[in-house]
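Chain nomenclature is as follows: A, B, C and D, assigned in order of appearance, with residue numbering initiated at 1 for each chain independently.
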Amino acid sequence: MSDFDFHTHLGAARFNNPIFTASGCAGSGKELSQFFPLENLGAVVTKSIMLKPRSGRATPRMAETPSGMLNSIGLQGPGIDLFLENDIPWLVSQGATTVVSIAGETVEDYAILARRLRAVPGISALEVNISCPNVENRGQVFACDPVTARAAIESVRRNIGGELPIIAKLSPDVTDIATIAEEVVSAGADGLALINTVLGMVIDTNTMRPKLAGKTGGLSGPAIRPIAVRAIYQVHARLPHVSILGMGGVATGQDALQLVLAGASAVSIGTATFGNPFAAMSVQSELHDLLIAKGFSSFKEAVGYAHRSEV
Amino acid sequence: MSDFDFHTHLGAARFNNPIFTASGCAGSGKELSQFFPLENLGAVVTKSIMLKPRSGRATPRMAETPSGMLNSIGLQGPGIDLFLENDIPWLVSQGATTVVSIAGETVEDYAILARRLRAVPGISALEVNISCPNVENRGQVFACDPVTARAAIESVRRNIGGELPIIAKLSPDVTDIATIAEEVVSAGADGLALINTVLGMVIDTNTMRPKLAGKTGGLSGPAIRPIAVRAIYQVHARLPHVSILGMGGVATGQDALQLVLAGASAVSIGTATFGNPFAAMSVQSELHDLLIAKGFSSFKEAVGYAHRSEV
Amino acid sequence: MSSINRSASNVYAEITSNRKAGAYHHIALSVGEMAAHVRPGNFVAISVGGEGSSMVLRRAFAIYRSVDLGNGQGQIELVVAPHGQGSTWVASQPVGAKLNVIGPLGTAFGIPTEPVRALLVGGGYGSAPLFGLSEVLKARGCRVDMVLGASTAMKIYAPLEGKRSVNALTITTEDGSTGIQGRVSDVIPDIIDTNNIDIIYSCGPMGMLQAITDIARAKEVMHQCAVEESMACGIGVCMTCVLPVRGEDGVIRMLRSCIDGPVMDGADVIWESKRTIPEGTWGA
Amino acid sequence: MSSINRSASNVYAEITSNRKAGAYHHIALSVGEMAAHVRPGNFVAISVGGEGSSMVLRRAFAIYRSVDLGNGQGQIELVVAPHGQGSTWVASQPVGAKLNVIGPLGTAFGIPTEPVRALLVGGGYGSAPLFGLSEVLKARGCRVDMVLGASTAMKIYAPLEGKRSVNALTITTEDGSTGIQGRVSDVIPDIIDTNNIDIIYSCGPMGMLQAITDIARAKEVMHQCAVEESMACGIGVCMTCVLPVRGEDGVIRMLRSCIDGPVMDGADVIWESKRTIPEGTWGA
């Protein structure tokens, strides 16, 4: 791009630039590679992978909403075995920097997934999606309870070994996200991913029932950007030394800059890719140019800049 | 309008039609009365009134967001004395059905406000806004903790006497809104108002600081409609016999119908009024026509209809 | 780079024509090189609402015709039914406006190497991709019968040049306002028998495709259909557009209709799964 | 019904003209009866982005001129600076497009009953409401001096017919590209002295209004200014547009600039309160 210092870190992991895809919004990488070389991304974040193959939820799985959408994919995927056999080698062959997202239904699932991944070459970090239902606890979402959130992250920490940074992905559907953040950091997370989707529902006024087969779904897109900025700002204020991978409604360089100023060390692009397959690339170059125009000498200088004291 | 049975109840209070203004979005009523007669509304819900006059927060107090806006008014208002002296008599003179919204900084505030209001003629119900900071508890919002939420509502219940229905207005910024709803209902609330705004933030990329002087603000408008529909659906599923005053991003009759099908017995129009002063009137007539077109014989038949079992 | 949507590109395509045709809008777009890559059954994904729109997702439209003019110039034509906010916006765009178009996307109808007797069945605007298909089949020496159905005459899309491309055209409408009163499934069995149909190609509402699948199964003819599931991305990255499809190994998988479709083998699709995951689906 | 915005109405107003004027767009709207009720200083609130827009709030624009044509016909003219998404959308609307307009809104400049010597000061597009004011003042026999300032020549809005309505016009630009190099506050003190100014009317950025307030106070002349705060509703229902103003009783209150303004007495506004509530404010 230029010689502007665009690199960033999440925990100990270094990335050439701070624009990533968001988990579940870039397929296996293959589908997007038609539109731009994946190696240009800061990182590809994979769809959350589970132990076993998953059919996901029934359709309809999506509903468009004002400046956003609901989805209820239900973590459809091939399971860790096929994932390691097919997806990772392919990403490596593309020169893509890769962050693997994992999701479990039990604390033990997280442990097994961590063990399966710890010796795999070509992975830069682990994103631990704990916004999924805990089958051992009435389906309550791990990330919605400090105790289960901690348990899931501890389970990964104990089993991952080595240097692979653990990024805990939190749900915004909680009363106090900063406290959950503290819990998972003290449980061993090196970084935080903020935010997962917000629980929502659309009722189809024709059928007069919930539009999604799964009734509720996750709200994403520009509609939730103010919630993401707030969550990142709150957590960065509480834990200024913990790196944050921010996401939620980013579609332009200006949007990404908001998240960075709030405290994000990198930014994932999710829903925007659906409207524009090149979104991550355009956000990247817009952010790059904006940071230079604003006089920053490096990307990292801008991280959390909105917290500086008034003069 | 026609002889379609459009009336509704919240607790014991009867309303001619189910479309209300939302608290804080219709001024004192006077400002809106230029555009249509207030008596046409199901009810005017007043700005949340506090014990003492309040300057509110510093400006900027608002930021537009995709399909929504943030506000941080900070409950600016004249205090209960002037409110009772000026606002209520004026609303009564207009033939407006009136729901008074109250807000306190302490449990005792709620008690005093309830006592001041219990003998006031011309009030149909009390909306108790508990989405405000509790000064006795590190500024934590009453509605975000089952214990303080209960305390505030009990305080009103014990002091209100008579028949005035109490509608507890809840915040969506909680892990489990249905549980908070159960608490306030068991504390004496006759109905629930769902939802208040969602906490958000916008960072001004020019100044590179939070845009609002109060840093965070409440997100409202169509962006949050899926969150409102979900909250209403969840709470109606848990407490099918408790009436719900729904709100959140309603701008059309179709939008209102979603909330009604989810379980709302009445619908408040907030942010939509800013874009269109006549919004409450157009939503009302659109909803009326839609219900007839769908073959409902009364408004009440449609309340919660999305919960019916599949055939 | 993988082989998915290998020839897809993203262009700002100028509208060169927008004519009402019954209940639909026939829209022609100047798309440059994209036209050269289109095969019958492919679709495009179009951004809707303009800048600052509250609609964040593209809308998919089947390609009705594509004309490669050489020298990197070309045109595609769409048949748009103004339905909700997005399609109504597309239909209302004037000549000269530019649309953000990605295409061609998805699978295409399989073309037999031998001359066969083909029956093409379209429901509503589902006729759109069939005329281009018909031209290709005719060029291969196939006999082409076509049945178009809709609720009412205004919703039958059958332009003159389209009609010319088929050997025989039967029209059904539910209200009888044109053609035979009834549904396409009422007339298909006879046509299959009379004309010794080898293969059915279809496009239209999911209910219609399911009915045709049943007929095709009973009559033991092949059936390729273009499905229409709600799509958020159209390019295979979101997993919203899936439907249960039985693979060669007998296993049912939730396949993406945007990249494993829209054209699928009707016999493989598990049609009766509405709002549930069929039992036995891989990973269920 | 109360007396707030008593003569406001809501119309779909056709754009009859949209011309570039330096950095601005001069837009004329056919508003019917609304024009008859406009007084200098009033504003309109316009829906932006069209149907399906992600922008949910109106934008406020000062009324530059209004022409009552009788028989319920009338026109208003605006000066629009394309700035963010909303104003850029308004500026880009073609002749014939219809805008959803509410107005006239807010307070108007107070017109002295006696002929006085008035100085009108405008910053950027803030000159817009001053020309209509000037006409009214001239009709009352006042002498009108005008000072317009901006960063650069392109941002001075001073149409010929506007210039004719004043006795003397001084222009300042920060880059010196036209008129005197500097700010309006550099030239105002002299003009006040030379012309024995009785009252200043101003409209422009808040910093400029504050600077003029200081000068007016020092020179002991009256000062009415039209303020510009972020407005969500424009009609007094949302309380976003407040600013601290000292009342006749000496008490500072957070007043709504949309209905207690935009025209306010400069001396009453607590200008130095940026992002805080001034001490002693009622209810603080």
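By our rule, a residue touches a chain if its C-beta (ideal position, glycine included) is under 8 Å from a C-beta of that chain, and two chains touch if they have at least 3 such contacts.
None of these values were measured; they are calculated from a predicted model.
Look at the CA centroids: the one farthest from the centroid of chain B belongs to C. By count of C-beta pairs in contact, B-D exceeds the other of the chain pairs B-D and A-D. Note on chain placement: the centre of chain B and the centre of chain D lie 35 Å apart, centres being C-alpha means.
If you average the Cα atoms of chain B and of chain C, the two centres end up 47 Å apart.
Between chain C and chain D the centroid-to-centroid distance comes to 56 Å (mean Cα coordinates, whole Å). In chain B, the residues that touch at least two other chains are 63, 66-68, 221-222.
Of all residues in chain D, those touching 2 or more other chains are 54-55, listed in ascending order.
Viewed as a network of touching protein chains, the structure reduces to a complete graph with every chain in contact with every other. Remark: chain C residues 1-2, 4-6, 8, 10, 47, 54-58, 102, 229-230, 232-233, 235-243, 253-254, 259, 273, 275-277, 281-284 touch chain A in the complex.
Remark: chain B residues 24-27, 30-35, 37, 47, 52-64, 66-69, 71, 73, 76-77, 79, 90, 213, 221-222, 251, 271-278 touch chain D in the complex.
The residues of chain B lying in touch with chain C in their complex are 66-67, 222. Those residues of chain D whose C-beta lies close enough to touch chain A in the complex are 54. Residues 49-55, 85, 89 of chain C touch chain D in their complex.
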